[in-house]
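Letters A, B, C and D mark the chains in the order given here, with residues in each chain numbered from 1 onward.
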Amino acid sequence: MRNYLVEFIGTFFLVLVIGLTSINPGTGVIAPLAIGAVLMVMIYAGGHLSGAHYNPAVTIAAWIRGKCPSKDVLPYIASQVLAGIIAATIVTFLKQPTSVSEASLATFPALVTEFLFTFALVYVVLNTTTSKQTEGNSYYGLAIGFTIMVGAFAGGPISGGVYNPAVAVGISTMGLSAWNNLWIYLLGTIAGGSTGALVYKVVNQDE
Amino acid sequence: MRNYLVEFIGTFFLVLVIGLTSINPGTGVIAPLAIGAVLMVMIYAGGHLSGAHYNPAVTIAAWIRGKCPSKDVLPYIASQVLAGIIAATIVTFLKQPTSVSEASLATFPALVTEFLFTFALVYVVLNTTTSKQTEGNSYYGLAIGFTIMVGAFAGGPISGGVYNPAVAVGISTMGLSAWNNLWIYLLGTIAGGSTGALVYKVVNQDE
Amino acid sequence: MRNYLVEFIGTFFLVLVIGLTSINPGTGVIAPLAIGAVLMVMIYAGGHLSGAHYNPAVTIAAWIRGKCPSKDVLPYIASQVLAGIIAATIVTFLKQPTSVSEASLATFPALVTEFLFTFALVYVVLNTTTSKQTEGNSYYGLAIGFTIMVGAFAGGPISGGVYNPAVAVGISTMGLSAWNNLWIYLLGTIAGGSTGALVYKVVNQDE
Amino acid sequence: MRNYLVEFIGTFFLVLVIGLTSINPGTGVIAPLAIGAVLMVMIYAGGHLSGAHYNPAVTIAAWIRGKCPSKDVLPYIASQVLAGIIAATIVTFLKQPTSVSEASLATFPALVTEFLFTFALVYVVLNTTTSKQTEGNSYYGLAIGFTIMVGAFAGGPISGGVYNPAVAVGISTMGLSAWNNLWIYLLGTIAGGSTGALVYKVVNQDE
């Protein structure tokens, strides 16, 4: 139960900050920087407890990697998605959303973008948190958080820069993304994350 | 006495930078980035001396957590509040404040925002600085400082993004916030911080 | 083979992010911050595997330093350049480039700028990753990534801020730079990087 | 000799980046971020060699602290000032300065600002690099570099945000500051830095 609460808290603040900084945003720097930073701080806060996935694509990748017990996969994902929905509800209370971007995604570029940066995310997560050679490092949260910041800057204008199924549910709930885009996020992130886990295993065979 | 001086210095520079970057500000990125960074550097400078609270809500949370002796609670808070007042006075000498935001807070959203991000702050502080499993890490200042940066970006437009009773007193002294908002900051931050300390204890029961 | 794949992945994401953030950019902060950050995260992800050069000038410098076997030099460079070309191709699919800066470089200032910041890059890389006295540190990725961010901010308006032959090939492929500028980047970066390696050896003689 | 070269390189790049980002600047975020970052990376690159002062006020403070031999003080300062002048000369070659801010400083606020943030700089430097309790940490460069970033954001509009006599000489050489402001920078930084060293000794008496 402890771990599910930690996953809930981390994903809650991730989606909360996404909502609060993406609705009526300031300059284009603010949302990616804030989102990358909140992921970083929640990873540093919860990494030693639950592993700090905060993302179903990461949970699936960690399971492929052999670092997440099968019995935890569904409860982790449930905690993350629930956190995304509740955070989205609080966001809409705190700040009224003004636009729904229903028509803005070009399907194939969005799919490729979600695939590529979720791949990068999982590749960074597994190398910095599950490799023997990087054990005890102090940079894993910085690396993972800033991967999402990079993805938001680089891929945001193409796909929305989601890279996380729980975030996809959250931004759909709060009206920042149309529900009929959800399959793009689910397919792109789970395929990208799973590929990232396989490539991790290829390049770390000697462990 | 040593610790009270360290708390004074850290809180002084925190409130000084808040004042200097929030009065006649540049782009919306500058103040949150500078404020998060000054908290980070003062935590790295003073953490090994006083614990680097610089925030009455953190001192109370550390006391609930059992990491701040009862006899230190009031002197720590006094040093922090005094530093806030003196920094505010110097700010008004260095740079003339131009506006008072007396009417801008919606009470309930502001309370919720102050509660949530002070909760996050304390949750990050206690997990990165008082948990056995994260001992000796080099990231605690980065994590804590950037939590405040995130809170300033995400919650700033709603509550002012204070998350610290000493800062609340400081910005009231320098005319950036109306004194009749003070209770919102005191209630929100102390409730949020105390809840953060309790949740920390729940998720770290096995220590 | 493992190392070549890691070099490919890292350079691929570096050039991908350069392309995606430099074509129709937002504020001037975004591209340098995103580029520095993606280099940082890919170094943290791949440093323990391939050494995380992602840059022919760094590979040559590491070889001068005695930390890259001669047999790896050409395959590393080939992986990096190939990654640059493929990333550029994907960028032009995801986002249509709008301008070619064929006439904008003043040759000598551009050469000096590429020389200076590639020197700085190699000096930082070798000191933070190959010196006995800094072994086991957690900051090498931060230091190297942010060197490139600094170079992009400071030298970008003069030379384009490339500092990497594989990036030079990538941005030429995607039409962000004219092919007849390529020699400036090759000469400036290889001369700067090699000088950086020699200066490293001078100041670390006692190792 | 080795150390003087390292001090030269670090200060050279600091002043180079200050010049390049402060002449015809972009948004107000760029110069402070780039300047803080270049100081950070040069500290991580040279800290284990020369101590990475890059600043006469820090050299004097380190000497007061007992961490810089008396015979090194003048050569260190000479290397730093020489680096500032040469960097300034290269800046004026690479990018033509457009304005001299001769009339813009209010003397007393500028003095106070230079005093306060040089105090903070030295306080952070000594606590993160010379205290037994923080030995072996990976954050010292981040903490010191970001102190300067904070000082540039918060104090830049008041004093120019110099906090370093070698930088003061450099920006005077390149025409970004009037020579008759130089005494403000020398007095403010040396007084602030020396006070920082004394306060360090007070709060670390038990070492």
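Quick note on the criterion: a contact is a pair of C-beta atoms (placed from the backbone, for glycine too) under 8 Å apart; a residue touches a chain by one contact, two chains touch by 3 or more.
The structure displayed is predicted, hence computed values, not measured ones.
K.L.:
Can you grab the rotation angle between subunit B and subunit D? Superpose on CA, round to the nearest 5°.
P.N.:
An angle of 90 degrees brings one copy onto the other.
K.L.:
From the centre of subunit B, which other chain's Cα mean sits the farthest off?
P.N.:
C
K.L.:
Would you mind pulling out the distance in Å between where the CA atoms of subunit A average out and where those of subunit B do?
P.N.:
27
K.L.:
So the centre of each chain is just the mean of its C-alpha atoms; given that, what is the distance between subunit B and subunit C in Å?
P.N.:
39
K.L.:
Which residue numbers or ranges of subunit D touch two or more of the other chains?
P.N.:
27, 29, 33, 138-139, 142
K.L.:
Spell out the part of subunit B that touches subunit A in their complex, as residue ranges.
P.N.:
27-29, 32-33, 36, 109, 112-113, 116, 120, 123-124, 127-128, 131, 133-134, 137-140, 142-144, 146-147, 149-150, 153-155, 157-158, 199, 202-205
K.L.:
Show me the residue ranges of subunit B that touch subunit D in the complex, using the header's touch definition.
P.N.:
2, 5-6, 9, 13, 16-17, 20-21, 24, 26-27, 29-30, 33-34, 37-38, 40-42, 44-46, 48-49, 90, 93-95, 138-139, 141-142
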